[in-house]
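In the two complexes that follow, chain A is the common piece, with chain B as its partner first and chain C second.
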Partner chain A sequence: MGIQEQYRSEAAALLSSGEVKLVIGFGPGSTADRRRPLFARTPEEAEKLVLDPACISNLTTYLVAGGLLSDGKKVAIFLKPDGIRSLNILVSECQVKPEQVVIFGYAIENNEIRPLSGRSIGDFAEIGSKIRTATPPPAVQKEAERLEAMSPAERFEFWKEQFSKCIKCYACRQACPMCYCRRCIVDVNQPQWVSTSSHTLGNFEWNLVRAFHLAGRCAACGACDRACPVNIPLRLINYRMGKEVKEAFDYHAGESSDQKPVLASFSQDDPETFIL
Partner chain B sequence: MAKIGVFVCHCGENIASMVDTATLVRKISEHPGVEVCTEYKYFCSDPGQETVKRAIRENNLTGVVVAACSPRMHETTFRKACAEAGLNPYMLEMANIREHCSWVHSDKEKATEKAIEITRSLVEKVKRNNDLKPISVPVTRRALVIGGGIAGIQAALDIAGAGREVILVEREPSIGGHMSQLSETFPTLDCSQCILTPRMVEAIQHPNIKVLTYSEVESVDGYIGNFKVKIRKKARYVDINKCTGCGDCIQKCPVKKIPSEFECGLGNRTAIYTPFAQAVPNVPVIDTTRCTYFKNGKCKICQKTCQIENCIDFEMQDTFEEYEIGAIVVATGFQIQDTSLYGEYGYGKYKDVITGLSFERLASASGPTSGKILRPSDGKEPETIVFIQCAGSRDPSKGVKYCSKICCMYTAKHAMLFAHKNHHGRSQIFYMDIRAAGKGYDEFTRRAIEEDGAEYLRGRVSKLYEENGKLIVRGVDSLLGKPVEVAADMVVLATAIVPQPDAKETAKKIGIGYDEYGFYNEAHLKLRPVETATAGIYLCGACQSPKDIPDSVAQASAAAAKVIGLFSREQLEREPVVAGVNDATCAGCQGCIMACPYNAIDVRDINDRNGNLIKQVADVNPGLCQGCGTCVTFCRSNSIDLAGFTEKQIFAEVMAL
Partner chain C sequence: MTRILPKNKLDDCIAAWQKAGYSVLAPVQRHDMSSFDEVQKASDMALDLILTERTIKDHFFPQTEPLIKYKISKHDIDSETMTPPDKKRIFFGVRPCDASGLAIDDPLFGWDYKDDYWFRRRNNSVIVTIACAEADDFCMCTSVKLSPDSTKGADVMLRPLASGNGWQIEAVSERGTALLDTVSPLLQESSDQAAPVPQVAEKFDVEKVMEWLADPANFESQFWKDISMRCIGCGSCTFLCPTCHCFDIQDEGDTYQGIRRKNWDSCSFALFTMHTSGHNPRNAQSTRWRQRIMHKFNYYQGKFGVNSCSGCGRCTRQCPVDMGITETLQAITNLPR
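Take a look at the complex of A and B:
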């Protein structure tokens, strides 16, 4: 039995026994190389689940949508390593209780699916810790280096041009599992911190706010980057913020679920006396 | 409609000489919403305040801006004036055109422009101010004092003397702290025990003081006026209520060769012991790590010796007590640095290289040598003693950066005591500077030199080694610029004063801050030296910084005065500048909970009518919140706001610039 079939039948069993109320996985998409999220609530629906190398999106976003987990019931979800790291972050930010999630883990290697053993978040500790030694995809690394070699003025020009394309559709935010806020700061209009129109200033404000809000919280799943309809290279911003946090605090977002959010926590040993 | 009154103060010449106040008044009068705008030489004076009050009444003002000095200076003054005129005191804003403007500029035209902007931005802010009411919290009038050294004892006695209950917690078997180890004390050379013991006895007998020795604070919860403190009473194995302090058990205990901590290892103690003869309470404890029974399951000789039934109980367990506490005084004192890190001084290698504290024990009439200065190695009387000051202090590379403050004085004292006890003795003191500021202090060190023949050599010691039974001390006399070598019989190191080894853990438990070394932080070094940044928690003694007895006692009485002041009221009025959460938008990420340095935020469940959980949100306890704003800056979705400094107010303020 292939991995897809194995996960299908396991998912169906979980649903029919009532162990989980929902399975979040992938179903067929509009074209052969696209997959769409599939929400299975019955064993029959679970039969439609698909698992192949086209299943690249990070489904954790759906875990934090609309109070899904507030009833305390369990949900099963298909996750690759980046999704598992996102889940770690969501747990550390109290958005998900680990015991409520059953994980169907998989990795895509050389265009093939490999199952990851374990069903609960505690079983995947190794995936989290691997992030310390992981290197970004060569393409991102190369682009990032090119940007870093630029003078500040050149870099500013680069981003000005990129951000000028932004239409403030907020697709990046909707795709991001960490943008689970009930009301995003851009939707605050009393006072209006971030200007609503998509002119240069407003676009800068929005994209910088987003960058800062994801510093130390981004699992580099690439969802925002893929979502952006005008192809702003958001991965480069996330990469840079991740690097800052690594260098300043030796912090790797998503390393484990009991990690303390880096920008919310402070150490009592901190020699700075500015707060206490 | 906003009706704002703006009052531009000249502050004598302080503001008027650099800001064209007439222009400022003219410009601000034109600003929308400004009803009256006037200037005056000193608004903080009585007639000045009268002007403000009259303007409020006559114009029905809805808000007031005083363009003058910093809020620290006169905010309270003008808040009071507003309240007296019937306006909510929080409808006042200070526009700081002195410290932020006139004092720091030299171009009058530009300074005037800046003053206009500052004032205008505060006018915009005050338009969005809301009436706020002080928060009142009840006060439990019982104090906790942590640490039973001289500082803690003094604080406890003062608070108890004012008629308030005190719980005094000391982790050692006896109260007394370091002072009980000292021989005679500078600058008057009175016997330390003789002045300390009466205080210790007074504390334990005081009807308002409950002394808990051999006890430690487990946890501190709550906030000013309303702390909940859990205390662990460690098992003594001796019933404190039954023991008469006869000491028979101590006499009979077969384990006799335990180096006594109190005697700095110069004397021995038994496994069941009191640290020193005058211990208060005079009730022994059993050291389970040394007791034969606890090690091998056999012995119990002490129990057989004890005349009182069930007084010694090997089954005793740690017990816990909980107290409601209104204020906490931290007086956990200091330790001396381990000087073995200085290889060049040979501490730990040569028996006759000792610390100043050991010297205190040698010089003490109740000490291991009955007050005779004798070498630990062979018990002979030393002829020449070398004292090394700053052994660890003022040494950023290996020791500590700071000056330990008391060593100059106690070294002079040691030289004097030595001279009094051994008339042929020579004291040679290596020093960097002599720091003897204090009442009678310089006279004291002078006396050591002039009357008791202390020889001061300015310079650092570079090497110390043993040769023919002598300790050869090599250094440089930096005044003569020549190397010196002294053959000594004994060497005394003035070791650095450092925080207690567990000072940081204790601070975390209590919820106060500390500096890079672990000394506790005061709220303001100059203006609030005995308060911590956490309301209701005060400091005294050497846990804050190295201190001698007079300073420790003075600070203890100051801390007690703060506590007594707090306890003079049944209710406590707190500034209403506290954070509040918007339940509707809070995402429950709990980041603010972690970020709050005062542990003021908790989680609250939001349930539907049937009691089902909808979500969890952050919840600020206004009694604990200090209004620091850390949570506000953290919250990504801006779901938390600070009363008096709301986002709307700040935004308006910024946009007016």
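Take a look at the complex of A and C:
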């Protein structure tokens, strides 16, 4: 039995026994190369689940949307390592109770699916432990190095051009599992702290807010980058912020589900280079 | 014999138009994104794109638009109305769906109040549509009763020649006739055949859809919840749609001075209908998605006699969770009656 069939029947069993109320996985998309999130609530619906190398999106976003877990019931979810990493972050930030989530883990390697064993977040410690030594995808690394080699003025010009494309649709925020705020700062409108205008300044404001709020919290799943309809290379911002946090605090977001959120915790060894 | 614009005359054409005082905007691929932007020569254009990611709507109804500049002092308020620059523009290489989008939005912006910002730009623009030579899996113009060679919204219609050497060219409005007069020496008579128009399969039955939507019993149907479960409410389908036109008015500045702006807004956002009290009549994504579909295929039709969709397919093409209106309308078409 292939992994897709195995997970399908396990998902169906979890649903028919009532152990989980919902299975969040993937189904066929609108074209041959697309997959879309699929929500199975019955064993019959679980038969439609698909698992193949086109299943690339990070579904953890749905765990923190619309109060899904607020009834205390369990859900099952298909996650690859970056999804597991996001779940670690969500658990460490007390947004998800680990006992409410059953994981169907998988990895995509050489265009093939490999199952990851374990069903609850604690079973995936090895994935977290690899984050420290992992290298970013070569394309990201290359682009990041190109930017780092620029003068500050050139780099500013680069981002100005990119941000001038932004239309403030907030797809990057909506796609991000870490942007779970009930009311995002840009939506706080009494008073309107951050202007809603999508001019260059407004776009800078938004993208800086996003960059700062995700520093030390990003799982590098690329959901924001894929969601951006105007192709702003958001991955490069996340990568850079992750690097800053790593260098300042030796911190790698999502290593484990019990790590302390880096910017919300204090340690006596924290560098204080910012104090003049 | 028909008139043609040979490809190798396009540079001269642009120069002639510029000399006549027009800016020429065309599909371009810049900074990892395709959109309409000003060009100087034919080689700046990306005419092979099936469709630009951004629409020409951006140039008629920009994402943010200053309306009034104001200053408040102890005894009075000074204000100055800001209007868009009155520059003559040619949009060259518009796809039929995007040109139709403008025509679909005209009645909206001219209904109870004539939106000067929209009509100033409409009146100073000439739309040169190029019929499609290729369509992709998401194109759905035929489903909304348009076609890859529709002249709706166009002033001049171009049909690519089978040889690839140029376009058959025809004025379809007075403004179009006037535009062609400025370049008539560059046009030739030819018997070259136009390339065949691509077959775009009808994806849903729009009549059936409208009928189902018009039945008040379906407003609270479970259908809306099921179909929209995966929508993350990002709003990019509305911002990239050539016909979506919702906006918000915001004052930007401090207590004493500022600018009043008209900014894009989206029915996909929870904030869109949030009352000051905190009550939100559209408090779930399913109700917002229903609004989008109802607005496009019921309310707009009722008010202006046309659906607010030109079938460009962008809402499906770029949706991060592979939604878009096509699937919903297909599902409605196939619902048991």
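We take it that the second predicted complex is superposed on the first by the 267 of 276 C-alpha atoms of A that agree within 3 Å, B and C clash if a C-alpha of one lies under 4 Å from a C-alpha of the other, contacts with A are read in each partner's own complex, and residues count from 1 in each chain.
Just so we're on the same page, contacts are C-beta pairs under 8 Å (C-beta built on N, C-alpha and C of every residue); 3 or more make two chains touch, one makes a residue touch a chain.
Because the structure is predicted, anything quoted here is derived from the model rather than measured.
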Simultaneous placement of chain C and chain B on chain A, clash or fit: fit
Partner chain in contact with A:A264 - chain B first, chain C second, else both or neither: first
In the superposition, chain B vs chain C on chain A residues touched: C
First, second, both or neither for A:S57, with chain B first and chain C second: second
Contacts of A:I185 with chain B and chain C, given as first, second, both or neither: first
Where the C-alpha centre of chain A sits as vertex, the angle toward chain B and chain C in the overlay (nearest 10 degrees): 130
Touching partner for A:A175 - first (chain B), second (chain C), both, neither: second
First, second, both or neither for A:H199, with chain B first and chain C second: second
Partner chain(s) touched by A:G66 [first = chain B, second = chain C, both, neither]: second
Partner chain(s) touched by A:A223 [first = chain B, second = chain C, both, neither]: second
Touched partner set for A:C94, first chain B, second chain C, both or neither: first
Lowest C-alpha to C-alpha distance for chain C against chain B (Å): 6
Footprint overlap on chain A, where chain B in one structure and chain C in the other make contact: 190
Residues of chain C touching chain A in the complex: 31-33, 53-54, 63-64, 137-138, 229-230, 232-236, 238-240, 248, 250, 252, 261, 263-264, 266, 269-271, 276, 284-285, 316, 318, 320-324, 326-327
Contact footprint of chain A on chain B as seen in their complex: 504, 507-508, 512-513, 515-516, 521, 533-534, 584-592, 594-595, 597, 612-616, 628, 630, 634, 636-639, 647-648, 651-652
Contact footprint of chain C on chain A as seen in their complex: 29-31, 34-39, 57, 61-62, 65-66, 161-162, 165, 167-171, 173-175, 187, 189-190, 192, 195-199, 202, 223, 226-227, 229-233
Touch list for chain A against partner chain B, complex: 67, 70-72, 93-95, 180-185, 188, 190-191, 193, 213, 260-261, 263-266, 268-269, 271, 273, 275-276
